[in-house]
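These notes concern the structure reproduced below.
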Amino acid sequence: MSALPPYASPLQITWYYMFRVICGLIFFFLIFPILVILPLSFNAENFFTFTKEMLALDPAGYSFKHYQDFFTNPDWQQALTNSVLIAPVATILATGFGTLAAIGLSQSHVPYKSAIMAVLISPMIVPLIISAAGMYFFYSRIGLQGTYWGVVLAHAALGTPFVIITVTATLVGFDRSLVRASASLGANPVTTFFKVQMPLIIPGVVSGALFAFITSFDEVVVVLFLGSAGQKTLPWQMFTGLREQISPTILAVASLMVAISICLLTVLELLRRRSERLRGLSPG
Amino acid sequence: MKLKTVILAGTALAFAGSTAMAKDMTIVSWGGAYQASQKAAYADPYVAENPDINVIWDESSNEAVAKLRAMNEAGNITWDLVDVVASDAIRLCDEGLALEIDPDTDLADAPDGTKASEDFGDLLVSECFIPQIVYSTTFGYRSDVAEWNGKEPDDICDVFDLETFPGKRSLEKRPINNMEWALLCDGVPKEEVYNVLETEEGQDRAFKKLDSIKDNVVWWSAGAETPQLLADKEVVIGSTYNGRLFSLIEEQDQPVKMLWDAQVFDLDGWIIPAGLPEDRLAMVKDFVKYATDTQRLADQAKYISYGPARKSSAPLVGKHADLGIEMAPHMPTDPNNAKNTFLYNYEWWADYRDDIDAKFQAWLAQ
Amino acid sequence: MSDTHAGEVLTTQDGKPLKVALAKALRREKLRALALIAPLLIFVLLTFVAPIVDMLFRSVENGIVEETLPKTVVALQEWDPTSGTVPDEAVFVALYDDMAVAVEEKTHTRLGSRLNYEASGISSLFRKTGRGIKRMDEAGPFKEQFIDLDKDWGTVETWQVLKRFSPRYTPGYFLNAFDAQQTANGIELKPEDERIYMYLFGRTLFLSVAITVSCLLLGYPIAYLLSALPLRSSNLLMILVLLPFWTSLLVRTSAWKVLLQQQGVINDFLVWTGIISDAGRLVMINNQTGTIIAMTHILLPFMILPLYSVMKTISPSYVRAAKSLGANDWTAFWRVYFPQTIPGIGAGAVLVFILSIGYYITPELVGGTSGIFISNRIAYHISSSLNWGLGAALGTLLLVAVLVLFVVYDKIVGIDNVKLG
């Protein structure tokens, strides 16, 4: 879709602009629902829609009361605490296991590679309701249902495919001769790993970890089945809130979560650029 | 190392505030205003007398049956006392997940010495069930609907009358209550409802009646939905628990009125999970004896408009703790409200629930 | 590993045949790779695959009848369910013995609830029998006593159900999941007003197709625009795609709830502009429309990203060549450009379809009764009806559907080539 050539016919010109308008509308569809909750979360009333005062930009129509509710309501605070306790531990497990496995998978001779890959990726493909049902039945049998570690292990399992995919992607461009060079210069495999391989794959590891984190942080189906009230996370609290007592506090929480997403997205974008620059794949 | 720090920090956070010496007692309830009323009427005064007990609330009553079954499979019961509706209590008892109790030894006598089994009477619907309150599922309607030309519904069958009372209705997304109401309004006498509903023709008849309003129904699955829908004017009549409507009308001052006709009585109460270790069982039994005595049950009515399950509590029901209004007229059991009531048949539904539910869902999906 | 071409053998420095040394090195490398993979593989097998296998097992497991009524099950082997008569005294004696033990252990009502899934009324039959068994005359005869206690013991149907569900493993749950049942005359479809699962599977497929198609229609132009723009501006616009992708599912679902409800932003706007009247507010939520709109929004990035990565590799010179040969814009697009994007369409469509047929949260919140999926029914059986066997059977069917699609996806894209962002 480069610029219009000077000899374009009127039809082509119309189409050119129409196409841009259509794309604009689709972008609007993508982004508007997320943006609309930001102003609504400052609503001074307990409504889910714009009040007259808000449309008139009257400061009296806006307030921080839903945010205040979020930060003072023990239910929401407990949910936040639980999310913060579960997601990082699940991320560490997923990233640790996932990175090792991705390195293993990128070796040139791996027996049953595609079978192994299929098993490792499966948590991403199997519908969450089935994972949740299976885990619920199985974890009940072994006493992990309704426990902190039950939820952490389940979330870690759900996060690993993302780590494998991102780390494998960074290893695709990895030049194996660097390892041989390092070895021939007398470095042992461990030194080689930390001094040569690690710095190159670190962007993949970090973005995999971010995916694993957001998987756990946003996950609701599995925690709904596996958790007990002691593991009530933010998404769970939002889910009950949406299904039952609809309070605009949900919009305040949603806005904060959008802010978190923006931060994660920024970090990820910076990493991607760094990785491409390091590996010489893009002009920087 | 990192992992350890995180876990330590987590544990520290999770237990901050609770004293290390206290005995924890996990009580499962419904959350919201109902749980708050239990806390104010039972748990707070009990903890004041027994400072070594630390009550932890868990809002899982909704999925209590499934979670208790999972805990039982795992052999690790983490709950001490669970608030459930009577039908769930019967099911838990059937599945061996709830402890059978003896009302006369486990529950307190009435102040005049009447035995608990007599004081609760036929509300003891299961060997495991300790009744707390009588609530009803009934209708609320908006009193400001212009299309109704000043008329107001006063009969259950007005719910099915779209001509006089146009507008959307909200009904619960399950067959229980709806099937009974449909048959009542199709001319079945009250005492015949379950006999008719047992037959294929009777079920078809109920569905046919429901068909007449199907396009105008919003189906709810959580008790808070109807009040919300009424407040948002998304529906004009809706069924829900009477206490939810009370708070909508009296606390939130919405233009909504009660339609008590053919309200369906139901019970809510405690069960003690089966398989608790001795020390925890003793702790829970002590609490239950305290929390279901005559005065405590009457106290709960200060906070929420549900009728106490003991006969001896009824005269003690007083004023609302914050609003200062007399609570008795808001009880589903009040003679003015209970002119025409319907008692739902637990045993019958335990038998037919799965079958009729499948038909109901198939009907909904069509 | 002996080599017959003596004298030709290449050796390493320390005198071993090179072939042996290489094989050894290869084996070592394989082992090292496996050692790196092993921790995760074991972890995933234990925390994820084992639960799924357990679920498959639950969908056929039926040990409860034999465990609760062991003697009755043995005694019933003699009885012919097609005979049209109730079993004789011997079976009732066995039943009395079994029930006495079961009542002691309080397992009889549990069996009653299990069998009630198959035939309504058995739950109360067992409860009633449990209460009455203590009053029975131990000397017998038992047949009359049981029938006196509850006339259902005197009906052939009760015994047919008991006999049918005696084995340790049962196809009953799967039959149920196919809206079928076992009767005395073999396997039959259930009465029409009770068929629901096939209908729900059908609707799940239909809605997933609708969502996939709308994702494709909306995603294709965006992916095309992104691939055609210079890198700097496309990176910027890409953020508009990635932000929803990274935003919590619940945030987006709540946003749609806010937008679509009758007193919501869209209806308010339409009323304000006078397009619709206050009384004619549109119903866009708690039905299929709500599910399709919200899920299209949620899954759109999964369509755009694979399409984009394919389109980026298509050289613009093909289209230019077509045009210079006289093709008009449409022909050049349809005959030259579009066919090259088909792998991207395949990848995106299968991915979106796989993700959507298993969705639970969004249909639950915005689907009402007409916009729910089979997942919602699975969740219902797990947490409300407690018919775990049926829930597991439905889950297994859904899993099979997804795995078939997964194989298709693997053929089109290859699981090693999945890319994120």
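Things worth noting here:
A, B and C label the chains in the order they appear, each numbered from 1.
Note that contacts are C-beta pairs under 8 Å (C-beta built on N, C-alpha and C of every residue); 3 or more make two chains touch, one makes a residue touch a chain.
All values reported here derive from a predicted model rather than from experimental measurement.
Distance from each chain's C-alpha mean to the overall C-alpha mean is smallest for C. The most distant chain from subunit C, with centres taken as the mean of CA atoms, is B. Ranked by the number of C-beta pairs in contact, the top chain pair here is A-C. Averaged C-alpha coordinates give centres for subunit A and subunit B that are 39 Å from one another.
Separating the CA-averaged centres of subunit B and subunit C is a span of 33 Å.
The distance from the centre of subunit A to the centre of subunit C, with each centre set as the mean of the Cα atoms, comes to 23 Å. For subunit C, the set of residues touching two or more other chains reads 261, 263, 382-383. For subunit B, the set of residues that touch two or more other chains comprises 69.
In subunit A, 136, 139, 141, 243, 246 are the positions where the chain touches two or more neighbouring chains simultaneously. Contacts from subunit B toward subunit C in the complex involve residues 63, 65-66, 69, 91, 93-96, 173, 204, 207, 218-219, 232-234, 347-348, 350-355, 357-359, 361-365.
Across the interface of their complex, subunit A is touched by residues 26, 29-30, 32-37, 39-41, 43-45, 47-55, 58, 218, 221-222, 224-225, 228-229, 237, 239-244, 246-259, 261, 263-265, 268, 297, 300-301, 329, 354, 357-361, 364-365, 375, 378-379, 382-383, 388, 391-392, 395, 398-399, 402, 406, 410, 415-416, 418-421 of subunit C.
The touching residues of subunit B, when paired with subunit A in their complex, are 2-3, 6-7, 10, 13-14, 28, 32, 57-60, 67, 69-71, 73-76, 78, 221-225, 228. In the complex of the two chains, the subunit A residues touching subunit C come out as 1-2, 12, 15, 19-20, 22-23, 26-27, 29-31, 33-34, 36-37, 40, 47-50, 93, 97-98, 100-101, 103-105, 107-111, 114, 116-123, 125-131, 133-139, 141, 153-154, 156-158, 160, 162, 164-166, 168-169, 207, 211, 214, 217-218, 220-221, 225, 235, 238-239, 242-243, 246, 250-251, 254, 257-258, 261-262, 264-265, 268-269, 272.
By the touch rule above, subunit A contacts subunit B in their complex via residues 81, 85, 88-89, 92, 136, 139-146, 228-230, 243-246.
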